[in-house]
Every structure is written in structure tokens, then in C-alpha cells.
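Structure, as C-alpha cells:
To keep things simple, chains are lettered A, B, C and D as they appear, and every chain counts its residues starting from 1.
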Amino acid sequence: MFYREVGQFKTSYAADQAIFPIRQDRIGLALILLVAFVAIPLLGGEFLIASVMIPFLILALAAIGLNILIGYTGLISLGTAAFMGVGAYACYKLSTLFPQVNILVWILTSGFIACAVGVVFGLPSLRIKGFYLAIATLAAQFFLQWCFGRVGWLYNYNPSGAIEVPGHSLFGVAVTGPSATPVTRYYVVLCIVVAMTWIASNLVHGRIGRNWMAVRDMDIAAQLMGIRLLPAKLLAFAVSSFYAGVAGALMVFIWLGAAEPEAFNINLSFLLLFMVIIGGLGSLLGSFFGAALIHILPIIVRAAPNALGLSVGSATVEHLTYVITGALIIFFLIVEPHGLARLWQIGKQKLRAWPFPY
Amino acid sequence: MSGGEILLDVEHVSLAFGGVRAINDVSFNIARGEIRAIIGPNGAGKTSMLNVINGFYHPQHGRISFHGKTRARMKPYEAASQGIARTFQNVALFKGMTTLDNILTGRSLKMRRNLFWQMLRHGPALAEEIEHRKFCEEIIDFLEIEHIRKAPVGTLPYGLQKRVELGRALAMEPTLLLLDEPMAGMNLEEKQDMSRFIVDVNQHFGTTIALIEHDIGVVMDLSDRIVVLEYGHKIADGTPDEVKSDQKVIDAYLGVAH
Amino acid sequence: MRTLNKAALALIATTALTASALPAAAEDSIFVPLFTYRTGPFAGSGISIADGMHDYLSMLNERDGGIGGVKIAVEECETGYDTKKGLECYEAVKPKHPVMVNPWSTGITLSLIPKASVDKTPILSMAYGLSASAMGDIFPWVFNPPDTYWDGMSMILKYIAAQEGGGMEKLKGKKIGYIYLDAGFGKEPLPFLEQLQKDYGFETKLYPVAPAEMQNQAAQWLNVRRDRPDYMVMYGWGALQPTAIKEAVKINYPMEKFLSIWWPSEEDAKGAGEGATGFKTLNWHAATANFPVIADIQKHVADKGKSQAPKAEIGTVLYNRGVYNSMLIAEAIRTAQKITGKKVVDGEDVRRGLEGLNVDAARLKELGMDGFAGPIKLTCADHNGHRPTFIQRFDGTKYVKVSDWIEPLNDKVEPLLQADAKAYAEKNPSWPKRTEACDSKP
Amino acid sequence: MHILYLIFVDPFVQMAGAPDLLVQTLWEGLVGGVLYALIALGFVLIFKASGVFNFAQGIMMVFAALTLVGLYEKGVPAWLALILAIGIMYLLALAVERVVLRPLVNQPDIMLFMATFGLTYLLIGLGEFVFGGNPKEMPVAALGLPKGSLDFKILGGLVSLQKIDIAAAVIASAMVAGLALFFQHTRIGRALRAVADDHQAALSVGISLNQIWVIVWFTAGIVALATGIMWGARSDVSFALQVISLKALPVLILGGFTSVPGAIVGGLIIGIGEKLGEFYWGPLVGGGIESWLAYVLALAFLLFKPEGLFGEKIIERI
């Protein structure tokens, strides 16, 4: 009744090629942005902003990167966390070598460094496919993580072996370090994530995105369309690693404040993979859904016993979180193998037909 | 039309997989503007021939000239950029994408805007996108698939998928279009439609077509010249009438089939 | 569906609300969150510590009705030794105004150090975390008593020298193997070792163990077999330790010459069976249950079924470590109450309490900890204490003290600490100068 | 030049100089390799029969061992605990077939792969929930496994073989032989091979695919239990072992996903290769290279032979 495109005629291909051709979707997007930019900073508590929203957005950004690789180009990677690490360490090095430069510049630059490393590890993707490639990316995961710990130059030979984020400010407002308020940090992350999501959306809806999907769906036919596999795959690795790198830099600089190599361990790679699959392969919106589910669900599970006035041991809660996460992954795969994004579409379809289901 | 300018020249091509000889010293040519059929029983090496032409397989012996240029080993995407398009025996569409997107990938080579503009998707990139959309819409109109424009092709019936695949190949504005059994598995009505499209493509766009097809009736009606393969050897080459009356062809193929 | 989105938002909102609504109920108590890890790869070490910390504070609540008449609100938050979860725990407890945090992970400590002064919440990282945070002038909010890892290394080396029959000069020409967790904690002593190696002319051989490879150390110990170091020193954690001890037994390394920093538990050594006898670790407190304080825990907590600890665990090394940690928490709160005259103290007060912390022999006796540990006194400048420790030897079932108290090499540690603390502050251009006043007159 | 000497000459000089250490290194690598191979073996069984890339194989190993040790710690005699653990692996196989495989049949491979990820989390949570997260000691003696070592004074030094490691090698070999016999000579075994070759064909000769799945997951569970006991005896039983079990993945790359001999040979190559690498070349870069060496070896190998050691060459058809 309310969600219907009837009566919305497009008079130009430009309007029809728009990413959100339906008016209600555009309104919905505006509403979400309004909530994200206004309501949450105004009404949300510090915990919501610092421990829910900031990590959620950063993880969603990394998930978008991974989704470009897996969901759009069909290349499975288990090394995302390592590329995030490259971004983080690059940003640390750059910002300590040239502290006077605007930190945002370094966060984006570190994305390009992650991008270069990603391309190197993407090279084997021409020869190997599927699960074999997945295992090959584990080489990147473990090798890079080892480098973070072993190459002293990367962490400025700190005796703690960790990278510690110095305070940086932007137009006089602290954005990193302890004196940066959660709201400031939230805005920095939000702006970067919104901008990069917009760019990702542009990419996947244009020629490059079509080329990626062509490679994913049928690489042989893609070649016949004149698509060269290696450049297409490497571009996917590059863009994906760029997103991972920026997410990694944000993770350390805006979220954690300090990090050891273990922060980029294999479990983070796995979590990101869950987010992408549960959210929906080949869907940017799905990356957000997936990140929300995987990051926020455990928080709710942990908070639930307290909220219900039950006294459950913290370890038990943690075990239950594992059980529930695992069960949910299986449950979602069974109920909707195409992820939350598909559920969302089905929901929209139902709404379109409502109140007359047929 | 035969006797016109030679577009593609296949000279003494042989191809083997391990010990199996798929094509054995085959020569023939395709003239600009004609509809050339390749027929033969199953396993005669027809599809392998197409794969050689568009660079998937590299023959051990022989030469192929396209546009008068002899080529060494060529990659499929190079064949594409020289203007060779192709459809497949078993539909090879991009199943996760819509009809429109599938056809738009055919325009990939014609789109020039770089990564930067693609990221912004405004200005030149959008203008380019719209311009190519217009071209694709013409193809969609031509193939009468307007109603499935936004449908994911994986969900379409087989006949329509074949049509979309043809559309995708046409979007490349090819000089030479290779069709691998475009009517396999179609009913009579669909076959008639497809035949009409093929003739129209040939006549309106002037596209040269090489066609593999099992339905001899269709082949005889459509094609200007026919080459007949059997067990990797060429056994006949000529106009439909010539081929029809060739004794070797009748023995090897037509005689058995009919 | 739009409603779905709303539902999700509502859910988030409720969690955020519940998280911030809880402290209202506990106005007249002192909130002490305990970051623990009973799960994950390091759970083996984490569980006993968590139980010890928890039980001592519960005992104070049960026996004395809290500290100075105010109940302590204890809440565990599971970190799994994961920095991200640790930060989440920190944000979750922050609205409830904790008087201090005990991160129990070097990674989490490093992330929290910059936040401490901003959020006015002191950090007690007992014998772990950033060594340099011992310098109270630069890190007014961070405390790491009773020893840094550098102190620990110096005491181990001193003990080795004594075994060789003399002072540090006896180390000359010796070969010392160092097997460590290849992460922040294990790497911290490296610059210190390098320094001492130059000063005393011994040779070090390094055997890093990656966190992912803790249970796969065959190659490291083969290297040990090849290099034949005179002594082996271990800085391990979690599953690294039992595996290392087993491997050492396997290659017939003389266990009497295998020494560790203070983290191995009885369980870690027991796995290797008889062969582990002679294995030595540093410690600064007792590893038995024969103290009034433990008896009180037994009586007021364990016997009432309020402890998660199995009976056999009470009085073990790491359990007692947890008890000692909670004793420091409690004494800091008590000192804060004394200094401020307030009953319900806050983070700022407890920071002052920690700087004024003075647990002398008499006080230990009052606490039922006579002989449990040595006295400790912190000051505004010294947030560590650099207390002496002793060597305990594994006799097949338990650890037995086999040495006198060994003083750390303060003259070696101090300059490094200072340089390191300075470097830390310099690398962070906006690092705040100490503005916090000092209560105790030097 | 010096660096080249250190890389290409010095390690071999060391090998020749102390042959006892070389033999010891090879032995350690062999034992590690046997354990990797066993994990890979369980994986191959499942992949062959159901086409599922079972990421949870490593966790099944820890879960099986944890069940055994957990029951033992709760006072169950070792032999009974062993039987119960086997029983629980059977229940697990049943549950996996019913809850995971059956509803997801005909889904793309990646979905089943993800489902085993879910299974991984489920098993970790469940295992720790029931038995606690603290590392547990494998009751080696109670299970009748040998302790101690055999020392040989040869090659100008000492080569020391742990009896438990010898037992591991023997049990692994026996298990592989047993599986081979099972596949060759029993009706179920032949059925399993039929399924591996062609699902449709297997169905048409009247074999229930569901039963096959249960059997195959159960077999993989038993292999996992044996691996868990062996590895648990070398260190402790805890979920920290899970990361090590990932090493089975490069083994699979070397051996191919469907080849049992490939899994074994691949396991040995990876096991021995990483020990040699860590021992002789690791010190050049500060050690600890074992965490990635196996993966990089596998990656390098893949570039030259993408189908694995024993895998069939894939010819792409259009």
C-alpha cells in the first residue's frame, strides 16, 4: 500500500539507471542517514556510540571490501584481517613519520598501501580458484601477521611490540587518541563509511561492477565479452584491500587506540566472512546487515541475562554466544541461503503486494 | 554473397587434446556479410572449431587470418576486441545479473570512462552509461525482450535465455558472430523467432555469422555456404545445394539422419 | 521491511539503555569490574586468576560487609583475552563508574592506558601491561605493582648468577636461551636482555613461539637441543607453558636450569609428569592454602557455594595471584577512604589510594596474609614498587620456595623505564602532563 | 654474498655436521605431518562423499578429544569415556546429517562450507559450555598408551623417539590401512566410493545418500578422535589446538581435496618441510616462521601444479 512504485514513471534512462529507482527507497535511505547523522549522536549513550556503532561501521566497511571480492567477483578470501593490518600499520608508520599531516589523509593513503599488498597476494588468483584460492589467501593472513610482529620498523621498535595511536586533531577537534570524544570519532567513521559505501555502490552498478559479476558468474563468457580476467580480478583485490586497509586503519586509530598483531588474527578474517555470507553475497546492504548481526548480536546476548535480572557467569554467556552465533549461521543458511539482504528484498516484495498478497 | 571479401581464413588447422585429434587439417573461409554454417555429426569438432576461432584453443598446426591479418596465439579477449562475438551451446549467461546488465556487459569494450569516473558515476561516466543503455535498449526492442529487462537471467526460461545471450553478443557490435547451436532445445515457434533474428541481424546490421546447428532444415534455409565436418576432417564445403548433393555428406550425415 | 529496521534499532536502544540504567540500583556501593577470561586460548591461566580475584572480594562482602562498610559491587566481564572484547567490556562498565579496571591482558591495557586519564579511571595491571607505566610522573593513572617484566628478568638472571656461584659477573660466557610468546608481552624483555648481555657478557638465544603455534613447539626445542643453552628462561602464557615444559622434558633439558617468569601454574607443570620436577618460576606470594585469608575465603565463600573454583584450585599459584590482586584493589579502596574521608569513593579517589598504598608487614598480618607476600608501598613517582621475589621449584605436585628474596637490579631497570616512558610520551605529542596532585609527602 | 651463503650453504653444512639433529628434526616433522595428515584425511573422506568442504574437521578433533578427557575428568573410566566419545561422534554425525546437510542439499558449495563454519562455532561453544574452557590433560596412561622415550645413541649424538609419537604413527598407519580395507572390501565402503564417483549412479543402485553421509561423518569423527588423542597427548586438550588444525588446509592443497594418498603424502611433506624450514632457516629471520611456512609452501606449489599432487588435471570444457 505504502511501498509501491505504481505511478512513478521514469522519463529518462538516467532516472531508471539510478541506484534507488523507487521513491520510497530513497526516502528510506534519507531516513537512515538522518538517524545515523542526527538521532544516534543526539540520543545514543556512550556505549551505543563507542562500542556498538563505531565497531559496527568499521566492520561493515571491511565487510564491503570482502564482499567486493567474494560476493561480486567470486574470489574467496580468508585473509581480510591481514589486509586490515596492513592498513593499520601503514597508517601508524605514516602518521608517526609525518605527524603534522592531516590524519584523514594518512588513513586514506594507508588504504592504497593495503591495496598494493592486496594486488601482490591477488596475483595467484588467475591460476587458482575457489577453495584453493581461499587456502592460498591464508598464506597472506599468516605471513603478514608474522611480519607485523617481527619487523620492528613497522611498530617503531616499541618495547611493547604494539602500535599505540597518538592523538591527532582535525580543525582543532581531537579525532584520535583519548581526548577524542566518541561522538567525534563516530562522525569521522560515519562520514568515511558513507562516502566509501557510495563509491562502492557506484562501482558495482557500473561497468566495473558488471565486469566483476561477469567474472564471478561465468569467467569463460566474460573473456569473450572482452573482459581480461587478470586485471578484473586484480582490480577486485585492489579495491577490496583498499576498503580493508581503510577499515583497519580506522579500527586501530578510531576504535582500539592501540593494537598488537593479534588484533588482526585469523578469527577476524572468519568473522568478516560470516558477515558477508550471512548478510548476503553481492549486496552492499547485506554487508551492513551481516556486520550488525555478527557484531551486535553477541552484545545483546551478553547484556540479556543482566537485563532479565538473571545471574549467569560471564564465561557461560560467552559460551552461549558461540553456540548461538553458530546456530544462527546454520539457521540463516537453511532459511535463506542468499542472506539477510534477500530476506529484506522478499520483505519489500511482500510489502509491495500488501494488503493483497496476490 | 559468396565470393566477396574474405573476412576469416582458416588454413590447415589441426588441434589435439593429448592423443585425441579433435580437428585434422581443416581449411575454409568466411566471407564478409555471409551466413556460414558448420555442420556435422556429434563429436565432429564443430565447437572446437569455434573455440579455435575465438582463441580458447590454440591449434597445434595451421593458421588463422582475420581481417587479412594472420594471428599468432590469441587470447579470447583479444578476439573480442577485434570484433568476434560468440554464443554458447549451453547458455553461458551471467546468471546472477539481470537481462539488461548481461547485455550491458557486451558494451564493456566500448566503455572508456576510467576508474575515477566510475567511482563518482556522475558526469561523463553517467552520460556514457546512459548512451550505452540506449544502444542496449535498441537490442532489447529488436529481440522483443522488453518485459524481462530487469529480471535475473537465472530465472528465465531456456528460450529467452538463448535470446538474451544473442543480445549480449550483439551488444558487442561484432564483425563476426559465432553462434553455437542457437536453436538447440527450442520448439518450432521459438526456432522460427530465432531464425528471423539471425536473418535480421545479418541483413540489418551486416554482421557476418558463423553458425553451428543440427536442424538441417534451418541450416539449409539460412546459410549462404556450409562446411561439413566429420571426425575432425572437412568432408564438404559449398552452397546448401552443393552440400545437399555431395555423396560423402549424404553417407556420413544426411543419409544416416534422414 | 521497515518494521524490521525499527525493531533492530529498538533492540539496540534497549541494550544501550539497560547498560546505562543498571548503576542507579547500586548507588551506595563501590563498583569494581573484573575483566576475566574463562574462555579462549588463554583460559587455562585465566580461570584460576578470575576465581581468586572474585572470591577475595566476595569474602570481604560476606565477612566484613564490604570495605569500610560499603559493599563492593563485583561484576565480571569476559574478554577472552581479546582486545576488542576487552574494550567493549570497558565501554560497558564505564557508565557505572568503576573505581578501577583490571584488564588482565597486555593488549587491553595498552588500549586503555590513554583513556585512563580522560575517563578518570585508574588501571591496575598487576605485573603485566606496559613496563614503563611504573613511572607515575608520566602515567599517573596506571599502576603495575609489584614488578615489571624487566624486574622479573633481572631477578631471574641474578638467580642464575647465584647458582653459578656469585654475582652478575658469573654470567660471563654463559649461554641463556629465551623462549617467549611472540607477542607484546614476550617481546618486552628483549631490549633489556640486549642491554644486560652487553653489560655482563653473556649470550642470548631467542626462541619465539607464535600465538597460533603455542602447542607446536617441536622446532623451537630442537633448536634448544642444538644450541645447548646453559639456562632456559620462559615468558609464556596459556597453552604455551605446559607445551614448553613437556617439550623440555622430551629433549631431556635439565629442568633445574629451566626458569620462568611468574605465570606458570601447577597444572602447567603437572602435564609433563615426573620429568617436570625441578622446573622453577619466579613468584612473590605463597602458593599454598595455609593462611587465615584463604581459610576465610573457604569459610565465607567456597563453603557457601558462592565460588566457581573447584576445591583443589584454592591455594594454587594463580588462584592466590588473583587473591593478591584483589587484596591490592581492596587496600587501594581502603586507603582512598582514609585519605578522602568518604565512604563511597570514585576513580579519582582510588587513584590517590593506589599512590598512597602501603601494605606493610603489620597490615599483612591483619589481613591474614602474614607470610603470604612481602610488604608493598607505592608512591606518586613509583607505581610499581619493584619488590623482591623468590624462586619456587616444582616438586612434582606443587611449588616450593627454594630461594631467598631476590632484589631486582633497579639500577639497570630504572634508566630503561625512564627512557621508555619518555619515548612513550614523546611519541604521543598530546600526552598530558601530570597535573594530579600528590598526597604522600616524599 | 654472505646472506646467500647463510641461505643456501650454511643450513646444509649444519645438517651434515649434526646428523643426529637432522634425523630428530625429520622425525619431529614426520610425527607432526602424520597428525596433519589425519586431520586432512577426515576432511577428504567428507569431501569425497558429500562434496562438503568441512571446515569443522579441526574442531571435531578438539571436540572429540575434549569429550573424552572431559568425561574422564568427571570420573568416567577411560575405556568407557572412549566408547562414549565415539558414541557422541556418532550422534554428532547424525545431527549434522539431519540438521545441516539434509536441509542444505543442492545448495552451492560455499553455503555448505559456511554451514560448517557455523558448526565450528557451535562445537566450540558447546564443548566449553559442558566441559569448561581450561586446558585438560590427556589421560595417556589410562588409555593404555605408552609414555617415555626410546633413545638411540647413533650418528654421533642422540636420537630420541617418544613412544607416544611412535604410537601415533602406528595408529595412523593402522587407521589408514583399515580405511583402505573398509573401502575396498565392504558393501558400505563400495557404496561410499560409488557416491564419490557419481551421486545419481549411487542413488540408482539403491543406496541411501543420507545413510552414507552419516557413516562418512562418523568415520571422520573417529579419525578426529584419534587425532585429538594423539595431539592432546603431545600438549593439552583445549580449543587453542584449533588454530593448529588449520594446518590441514595447506596439506589439502598439496594433496588435492579428493585423494587419500594425497592427504597422507601432503601431510608428511608439510610436516617435515615446516620443521626443516623452522629449524634450519627460521633463525635467519628471527624464527617463528612455522606459522606461515606451510601456507607459503602450499601457495608456491599451487602456482605450478594447481590440481595438487594426486588430483586429476582439470580440463575446462565449454
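To be clear about the criterion, a contact is a pair of C-beta atoms (placed from the backbone, for glycine too) under 8 Å apart; a residue touches a chain by one contact, two chains touch by 3 or more.
Bear in mind that the values here come from a model prediction, so they are computed numbers and not experimental data.
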Averaging each chain's Cα atoms, the one nearest the global Cα mean turns out to be A
Of C-D and A-C, the pair with more C-beta contacts is A-C
Relative to subunit D, largest Cα-centroid distance belongs to chain B
Expressed in whole Å, how far the mean CA point of subunit A lies from that of subunit C is 35
CA centroids of subunit B and subunit C: separation to the nearest Å works out as 73
Per the C-alpha means, the centres of subunit A and subunit D lie apart by a whole-Å value of 33
Going by residue number, subunit C touches two or more other chains at 38-39, 47, 182, 210, 212
Contacts with two or more other chains occur in subunit B at residues 56, 88, 92
Multi-chain contacts in subunit A, i.e. residues touching at least two other chains, fall at 142, 146, 149-150, 220, 266, 315, 319
Subunit A residues touching subunit C in their complex are 3, 28, 32, 35, 44-48, 50-52, 55, 96, 99, 142, 146, 149-150, 156, 158-162, 164-167, 169, 174, 177-179, 255-263, 265-266, 292, 296, 299-300, 302-303, 306-307, 313-315, 317-319, 344, 347-348, 350-351
In the complex, the residues of subunit C that touch subunit D are 38-44, 47, 182, 206-210, 212-216, 218-220, 222-223, 225-226, 238-239, 242-243, 246, 250-252, 267, 270-271, 273
Per the touch rule above, subunit B residues touching subunit A in the complex are 54, 56, 75-77, 79-81, 85-86, 88, 92-97, 101, 104-109, 111, 113, 115, 118-121, 125-126, 129-130, 133-134, 137, 168, 172
Residue positions on subunit C within touch of subunit A in the complex are 1-2, 4-5, 8-9, 11-20, 22, 36, 38-39, 47, 76-78, 80, 83-84, 87-88, 91-92, 94-95, 106-107, 110-111, 113-119, 130-132, 182-184, 187-188, 190-191, 210-212, 308, 420, 424, 427-431
In the complex, the residues of subunit A that touch subunit B are 12-14, 16-17, 199, 202-203, 205-208, 210-211, 213-214, 216-218, 220-228, 235, 282
